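The next part holds the structures, each set out as C-alpha cells.
Same chain, two partners: chain A is paired with chain B first, then with chain C.
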Partner chain A sequence: MNIDDILQEFEESETPVTSNIHNNLITAMINERMSPELLPFAQTTMTTALTAISNQQQYLIDSHEYGDSVGSTSEFKLNTMIIETEIERLCYLVRMYLRTRLSKLDKFTIYYINEEQEDSKLLSAEEKEYIHKYAHLLTQLYNNCFLKKVPPSLTLLDDTSGGQSMITTPDTNQHVFVKSVTSKPITLFIDNDDIELKRDGIYVVKYGLVKQYIELGDVILI
Partner chain B sequence: MVLPTTLQGNLMPAEINFLAENETVTILPRYSMKKIELIGTPIPPLRAMRREKVPLWVALILKSQDKCNIVPPKWLNLAYLKEKHEEELRKPNQFSDLPWHWQEIAKILLARAQDDLSDPSHQLRSVIQDLREIRLVKSRKGLKELNESNISLNGLSLLEINELRPFVLGVMNKLRSLHETTTTSKEVDEDMAEVSDDDY
Partner chain C sequence: MYGDIANKLILEAKRSVNLSEVPLYQTELVKDIIKEINDLNRDADYLTEEQQLLQQESQDGTEEESKINQCQLFVTILSMRRNKRCLLAYEKLRADKLVEFSWLNVDPIVEGNDKQPTSVPVDPIYTNYTTQVALDNLNHAEQEFLKNYQELLLSYKSSFSDVDLSGDLNPPTNIFIDVRVLKDGGEVQTEYGSFNLIKDSQFYVRKSDVERLIQQGYLEEI
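Our next item is the complex of A and B:
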C-alpha cells in the first residue's frame, strides 16, 4: 500500500457534500417527474444552469476561434469533446425538466390558470404565457368543433355545479416513492399511526404528506 | 404529447443508466492532461499513474481513447459480491446494503472496462445475476405486504425500485380508493345510526 492508497482511503471515508448545478438539476428533474402535481419552478437552479451552459458554449466558440495552437491537437479535441458532452448532458436534464412541466400544464390547464397568481413562484414567466395561450387555443378548438352546437348551459369548460367538477385536478393523495436526505428523522402522521423517515431510507407514502418536506429539500422523490 | 406516456410516472432504464454515469469513479490516468473546467465537477489536472476521481462518463470517454484505467469500485469483485449473496440468503426478510446504482455501474464496467476488473467477467456476471435474482424474489414476496397507507423498502437500488414502481403504485392507489370508500360508507352508516337514534 503506497501513500496514494492511504490518501485514497482517507478521501473515501469522508462523504463529500457537493451541492452543484448538476445534482440540483437532477433532483429538480426527478422530483418533477415523480410528483403528481406541479412543483414550484426551480428558478435559481434553472438560471444558474442556463447561464453556465451558455458561458460554456461561448467558451467553446472562443477556443475554436482563437484555439491555442501550442497545445497538442489531440488533447485539445478530447477536451472539447468532454466539454461538449457535458453540455449535452445538462441540456438533456433541462429539456426533460421543462417537458415534464409542460405535460402537467397541458393536463391540468384550467386548474393551474385558476391557481396562478401574479407573484406566485409556481410557474415561470414563459410558462404563464404558454398556459394562457394553450387554454385559449384549446377553448377555441372545442368551440369550433362541437361546443357551439350544444346548449349554452353545457358549454362551460370550468363548470363545477352539479356536484361534479369539470376541472381536472392533480391527485395529491397518490403514492410516491421517497427518500429522506436529511440527517434529522422526519415523523409523518398517518391516521392514528406515525412513521419515521430515517436518512437514506426509502418509503412509499402519500404525496400530500411529504409535500412540504419536498419543497424544503429534506426529502427527494425517486 | 410533450412527454410520451412511457416516460410519465416512471423512469426508463436508459435514463437510470444516464444517472448512474454521474457517479464518480477512481481512474488511473496513463497520460497527463490539463485541468478541464466543467460546469458540474471540474476535472483536476491529470498526471500519469496518479489516482483521481472523475464522473463515470468522463472516465468512459478517457477509457475509450485508452487514456486511463478505471479502478473498479470496492464492491465490484467476486469476494464482496459473493458475501452479499450469502447475506441475502441468511436474512430472508431484509435486503443487503448495495450501492444505489450497483447494477448499472456493474453493467457499464463489465461492458466497457472489462480488462480493468480484478476478476474474470463471466464469474462476476454470474454472481451479479444470482444477486439480482434473489433480490427480485424477495421483493416479489414482499408484495404481499402492500397496504393502502405506506411501506418502506430499505436497501433497494434505483433500478430495482423502478422495476417495482408501476405495480406497487397501481396496487396501493387501488387499495387507497377502496379504503376511502369503506371509511366514507362507515361514516355514512354512523350518521344514519345517529339519525335513527334521535328519531326514537
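Our next item is the complex of A and C:
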C-alpha cells in the first residue's frame, strides 16, 4: 500500500461526513423509489433532515419577528426566499420518501408484518404503528363486507395452501438500473457468468443480486 | 357456470380502475357470489361424504366413480377459492381508491347536499387518481374504513408536523405562483396579506399557502 492508496482511502472515508443532507436524502429517496422492495429506514438521514427543516423554519419565524427593522430591504427578502425554497425542496424530498415507503407498505402489508421483528431497522416506529393499524382496518373491512358470510375454511387472509400464496411479496427479480459508487470493483455472479461493477459504471441487473450492496451504500439505484 | 358472477364483478372493478371516483358498491353481485360460495361449500361437504362412503366400499367398480368424485370435489373447491379471490380483489381495489382519496384532503361528497361536486384538479398528476368520493356509493363497512383510515393518516402525519405529507408530488419549482380562482369562496389569510376568492380573478401567491385550495378545486395554477 503506497501513500496514494492511503490518501484515497482517507478521501473515501471523508465523503459521507461532508456530503450534505440534500445528497443523502436524494439518494435515500431515489433508492427507495426505484427498488421493488422496502429498504431499511434511513433513520439518521431523516432525523437530520427533519431537524434541518425545523431549524430553518424557526429561523424564518425569528427573522419575521425581529426583522422588522431590516424587513424592507431587498436583501432580506432574497434571503427569506432562498430559505423558503430550501425548505420546500427538503419537504418535497421527505414527502416523496415517506410516501413511497407507505405505498409499498400498503401493497405488501401482510408480507412486511411477517418480516418485521422487534429490533429490525426496516421500519420506523411510525411505520410499524401504521402498518399494524392498516392491516387491522383492511381485515375489518373484508370481514364486514363478505368474509363473515363465507365458510370458515375460506376466511383466512394469509392462506398459502392450495398451491397459491395469498401474500403478495415484492418481486426481487425485477431489473433495476444501478450505479457503482465505490472504488472497489464488485463482482456479481449470475449462473456461470460474472460481471464486474466498476466505479461510476451504470448497469442493469436484477435487484436481488445487488440488494446487499445497496444496503451497504456501495451501489446506488438510479 | 360457476365463477360467472365473480367475473362480472372483476370486469366492474377493472372498469373503475381509472375512474376518478369510487363507483356504486355492487351489493347484489357480492351477495350472489357469497350465495354461490355457500352453495359450493355445501356441494363440497356432500362430495366429501360421498368420497368417504366410496372409500369404505372400495371395490373395483367404484374406483372410477371415486375418481369422478374427486375431480368434482377439486373443481368445486377451486371455484370457491376463485370466488373468494375475486371478492378480495374487488374490495382491495375500492379500499386502495379510498386510501388514495384520503391523501387529498378533500371532503367526501354527501348526497342531499345541493353543493356542486368539487371539480377535479386539472393537474396531470391527478389523471387516474381518485379525486371524488360520494359517501352514498360506499357500503357501511367502507364508510367506516374511510373514516378510520383518515384518522390513521392524521396520526401518522402528526409525527412529521413540519412536512405537509399530502402536498404536491411534483418537484417544487417556484415558491410563488400565479393562480386563477375557479369558484367563489371567502377571504384567505396568508403571511403576505389576504385576498378574496372571487371567480376568475388572479393572484400571485406563495404556493405552499394555496396548495390546499388547489387540491380542493378553488384555484387553478396558470
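Brief remarks follow.
The rule we apply is simple: the second predicted complex is superposed on the first by the 200 of 222 C-alpha atoms of A that agree within 3 Å, B and C clash if a C-alpha of one lies under 4 Å from a C-alpha of the other, contacts with A are read in each partner's own complex, and residues count from 1 in each chain.
We adopt the following convention: a contact is a pair of C-beta atoms (placed from the backbone, for glycine too) under 8 Å apart; a residue touches a chain by one contact, two chains touch by 3 or more.
What you see is a predicted model; the values in this text were computed from it and never measured.
By the document's definition of touching, of the two partners only chain C reaches A:Arg95; chain B does not.
Judged by the touch definition given at the top, the superposed model places A:Leu154 against chain C, while chain B stays out of reach. Shared-chain residue A:Leu138: touches chain C; no touch with chain B.
Of the two partner chains placed around the shared chain by superposition, chain B is the only one that A:Ile26 touches, whereas chain C remains out of contact.
Touch criterion met: A:Asp193 reaches chain B, while chain C stays clear of it. Between chain B and chain C, more residues of chain A are touched by B. When the shared chain is aligned, chain B and chain C each come close enough to touch A:Met81. Residues 53, 81, 85, 89, 92, 99, 102, 106 of chain A touch chain B in one complex and chain C in the other. Within the complex formed with chain B, the residues of chain A that make contact are 4, 8, 11, 18, 20-23, 26, 30, 33-34, 49, 52-53, 56, 59, 71, 75, 78-79, 81-83, 85-87, 89-90, 92, 99-100, 102-103, 106, 173-177, 188, 190-191, 193, 195, 201-206, 222. Only residues 1-3, 7-9, 11, 18-19, 22, 26, 33-34, 36-41, 43, 50-51, 53, 57-58, 61-62, 65, 67, 149-156, 158, 161, 165, 168-169, 172-173, 176 of chain B touch chain A when the two sit together in their complex. Touching chain C in their complex are the following residues of chain A: 50, 53-54, 57, 64, 81, 84-85, 88-89, 91-92, 94-96, 98-99, 102, 106, 126, 129-130, 133-134, 137-138, 140-142, 144-146, 149-151, 153-154, 157, 162, 164, 166.
Every residue of chain C that touches chain A in the complex is listed here, in rising order: 30, 33-34, 37-38, 41, 77, 80-81, 84-85, 87-88, 91-92, 95-96, 99, 103, 139-142, 144-145, 148-149, 152, 155-156, 159-160, 162-165, 167-169, 171-172, 175, 191, 206-208.
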